[in-house]
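Letters A, B, C, D and E name the chains as they come in the text, with residue numbers starting at 1 for each one.
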Amino acid sequence: MIALLVRDIRLAMRAGGGFGLGLAFFLIAVVLVPFGVGPEGGLLGTIAPGILWIAALLACLLSLDRIFTLDYEDGSLDLLATSPLPMEGVVAMKALAHWLTTGLPLTIAAPVLGLLLNLPESAYYWLVVTFLLGTPALSFIGTFGAALTVGVKRGGLLLSLLVLPLYIPSLTFGAEALRRGAEGMANTVPLLMLAGITLGTIALLPFVAAQAIRINLR
Amino acid sequence: MIALLVRDIRLAMRAGGGFGLGLAFFLIAVVLVPFGVGPEGGLLGTIAPGILWIAALLACLLSLDRIFTLDYEDGSLDLLATSPLPMEGVVAMKALAHWLTTGLPLTIAAPVLGLLLNLPESAYYWLVVTFLLGTPALSFIGTFGAALTVGVKRGGLLLSLLVLPLYIPSLTFGAEALRRGAEGMANTVPLLMLAGITLGTIALLPFVAAQAIRINLR
Amino acid sequence: MSIWEYANPKKFMETTARLMPWLVALTAVTLIPGLVWGYFFSPEAENFGTSVKIIYLHVPSAFIAINAWIMMLVASLIWLVRRHHVSVLAAKAAAPIGLTMTLIALITGAIWGQPMWGTWWAWDPRLTSFLVLFIFYLGYMALWEAIENPDTAADLTSILCIVGSVFALLSRYATLFWPQGLHQDASLSLDKAEHVADVYHRPLVLSIIGFVLLFITLVLYRTRTEVRARRLKALQARERMA
Amino acid sequence: MELEVADLACARGGVLVLEGVNFRLEAGEALMLRGPNGIGKTTLLRTLAGLQPPLAGRIGMADEALAYGAHADGLKSTLTALENLRFWARVHGTGEGEIGRALEEFNLADLAGRPAHSLSAGQKRRLGLARLLLTGRAIWALDEPTVSLDAESVRLFARAVERHLAGGGMALMATHIDLGLAARALDLTPFRADPDRAGKAGAGGADGAGAGRVRVPHDPFAGAEDLA
Amino acid sequence: MELEVADLACARGGVLVLEGVNFRLEAGEALMLRGPNGIGKTTLLRTLAGLQPPLAGRIGMADEALAYGAHADGLKSTLTALENLRFWARVHGTGEGEIGRALEEFNLADLAGRPAHSLSAGQKRRLGLARLLLTGRAIWALDEPTVSLDAESVRLFARAVERHLAGGGMALMATHIDLGLAARALDLTPFRADPDRAGKAGAGGADGAGAGRVRVPHDPFAGAEDLA
């Protein structure tokens, strides 16, 4: 099981630096905003919490189809399915590897990008907290989506379509908790919801995703 | 050459509706914004032109790696390279097919989504005009990026990293022309620049991209 | 003797081996005095405060950040036209240095911006174009990393460098349409040296020269490493076939 | 240790492909699956490997006894040959020592440090086969294992199989070429497969049909000829 | 119509793989490329197809005379067999009539309406080979064309090749099995390949070495032993 985790992280780092790339996309998506919306600092500061969350979500999204499709195409997934590892464990490890190579770097980089978007100073603490609580859910939900679409050739877009609606609760609570925190308002409820979603997805989705993979391999 | 165009469009429509999916992503990305930023109409209306352009750009981006990678992996690209079609023509047809299945539907759908984001009424005309003038450049630039990364396994993220900065001029001029047009200001210069970039990329990039593909097939 | 002789790796390695100590020494005697002079012995400006001293890092690094990309552009063109391996390896070697310089310019600018403009960052055209340059460096390096075959990677990164330069120029122009602009340009411009009091100007010029020498030294050093790596690869390949 | 397949029926893409498959494999035995393209060899092997459920019938074997070798080799192209094998060894809990032996046995020692994408077709295949030695499993179920192999490598492979059989293993292979192994053959024919019948070709369908009746589940859409 | 290869040297992944390849093929002739895994058969065929530039030497043939058949078949899995063939026919400007003949010749008529992803390995391969008939090109350069084919399909293929040769075509094939075709063989050995030398094995290196000197461009990184 650990072998799989190590392998996936190694593959992510080797394949053209998959590691840094999620991060790079996050950076670029954030940078695009002023180009589109215009450079006024006040406006940017207002929308910054939402934009940061949306950008993180899209950065996650883009790296999802690596999770299973590569293994499916080169036959590894068939071999893993017939190996002693339980498919649930395989799924959980893949989700964890995805979070370690995407969610975690995003969390670390987010404050710097907050700077670029004129995020109010009071928000930085909450930015990191909400990302830490929320991004694991993005990885686990994404892994579930990837499991559903594993048989579909170049299913990247279909995957986005399936996963984005599932991301909406995390996004809403995450951005809301961040915004309230930044304005000094009470944000315990959205924070608890955010953490609850994350815990729920970690506990339950690997089982569903494993079943989806088994069905797709048939 | 037409055969290739027809085939690519047919593949796009058949492969899990690649056609509708670019559109669907556009829709979802735009819908996410109120969830992230909060629902105040005034704020949304202000950022709407930029958001629409950014969302269109990301929707384009997501479908780029289909352009060549599928053909590369199943060996078609090798066979096309040894066929009587000139590689420049192949590239141009692929870019055109991409625009027809992505840029054009986005242009048609954009006004509806403008409604969701409280886009001011004066902006709808300019929304369609800037999209029509700008989205072909997105397809041709994207095809160039796809040609550069065709040999890279799951190069999707790398592709984004390479292509997004190249999208910045189109994005800036497009959003600026749209914003100015909506406010009734003169927007001839950004419009001309937008059109100029599109014409330039259509005229030049297929040659560069064809060269990149030849290098990658070596 | 033509300058292209140095495109031969052997010749290049021999020449640079002799050059390196001198370059290191020259860099040391310009950069260190430049920075020390600037930091300890130049007066504080009345309305800038101590923070003005960051100029001796900020301006040279910004200068190198841009010129490193231009150097890469030229080297890429030489590779595409004349297929000189050392040239493209020099471009590859310059990228991380350019990236670092861009980062230094961005960070020192941000540190300076906080007291001057009351904000770490603003979407001023000049600052923005630096951010875009940063991304171009990242993409260029990522493409090198992603492609296994060195000649393929050399060709593709060179193409990217050229096409990227055009789009970088375009986006620089595009940002001029934005309504605002905070960044000083005329007040302390190098081209308009008369705007700057000599007390600032002389150490500044010295540290810029120091940075240029530092850049050349680092690029040569890294190019030598790249040449060695390529040679190692060629030898390994030959051993494998035997 | 044995593998017993009784009255097996398999489907592919929702279409019934094989039914009435019967055979028995004891320790040390090998069975060659034969039959023209499209008859269902891959389908049968995937069913035995547990990747798809059988439509009907029984597969009798110990848990986790079967190692599946597919058309695709499951190699990671950015990892080296050694790293690829090491991963599978760790997944199957096999010791490091075995890896060296597997590399040796398939003449891969020189290529151990090469990333998999730089291997030729036959070299990749050898690497895929070397993985089998690391599974530590008794039944090898292989789908066209010799594709792309040159004559020398085919011999290497045949020797590896013989050694595996000699050690009490079993092998089940779909292949179109002759490996020179002492093995029974299972001829698959449309909708029916039975090694006992392979000998008495043309014996008519009456003999086994009663005994080997297949319990194919009723397809809810197949019977209703008169749907309005 | 002829194909002449003189002193060819090819590289793969920046590494010199073959040099001194010499042969000549006249209309109606076939040549089998033989050699162990990893010797460079795929590399040679890709070079001839123009997918990679030769390091040195000369390839003499008419423009657009060569049809390349790779390891991969270039099939679109969501298109049907017929749609796949029709696409290639239009690319090569071949008439609709030919498509039916190609389907017939490879026994694919029944599968014409099936999407390619639902074909078995051998059926896919047959479809890939049928494409060759639609290129209308004289020289077939094929990389292991018989992979996954059963005995019957191999015969079909051999017959198709014979017909192609009889019509004045040429064929160049890398394969590890015997097709039963009357064809010369080109044995590739590390760094050297020459059909004339294939007969006099062990004749030492002295004979052709002078005449066939290869002009491989100097690798600027290989020579400098004394890099400072």
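Following the convention adopted for this analysis, contacts are C-beta pairs under 8 Å (C-beta built on N, C-alpha and C of every residue); 3 or more make two chains touch, one makes a residue touch a chain.
Bear in mind the structure is a predicted one, so any value in this text is a computation, not a measurement.
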By CA centroid distance, what chain is farthest from chain A?
-> E
Cα rotation angle, chain A onto chain B, in degrees to the nearest 5, is 180
Centroid-based (C-alpha) most distant chain relative to chain D = C
Would you indicate which pair of chains has the most C-beta pairs in contact?
-> A-B
How many Å are there between the centre of chain B and the centre of chain C, using C-alpha atoms for each centre?
-> 32
For chain A paired with chain E, centre-to-centre distance based on mean C-alpha positions, whole Å = 46
With chain centres defined as C-alpha means, what is the inter-centre distance between chain C and chain E in Å?
-> 48
Centre-of-Cα separation between chain D and chain C, whole angstrom | 58
Residue numbers in chain C touching 2 or more other chains?
-> 132, 135, 138-139, 142, 146, 148-149, 171, 174-175, 240
Chain B residues touching 2+ other chains are 15, 73, 152-153, 155, 158, 161, 164-165, 168, 172, 176, 218
What are the residues of chain E that contact at least two other chains?
-> 13, 71, 77-78
Would you tell me which residues of chain E are touching chain D in their complex?
-> 13, 35-38, 42, 71, 118-123, 125-126, 144, 147-154, 176-177
Which residues, counting only chain A, touch chain C once they are in their complex?
-> 15-17, 20-21, 24, 27-28, 31, 34-35, 38-41, 44, 115-116, 118
Given the complex, residues on chain A that touch chain D span 2-4, 7, 10-11, 14-15, 71, 73-76, 78-85, 217-218
Chain C partner, complex, touching residues on chain D are 110, 115, 117-118
Note: in the complex, chain D contacts chain A through residues 46, 49-53, 64, 66-68, 70-79, 83, 87-88, 90-93, 131, 135
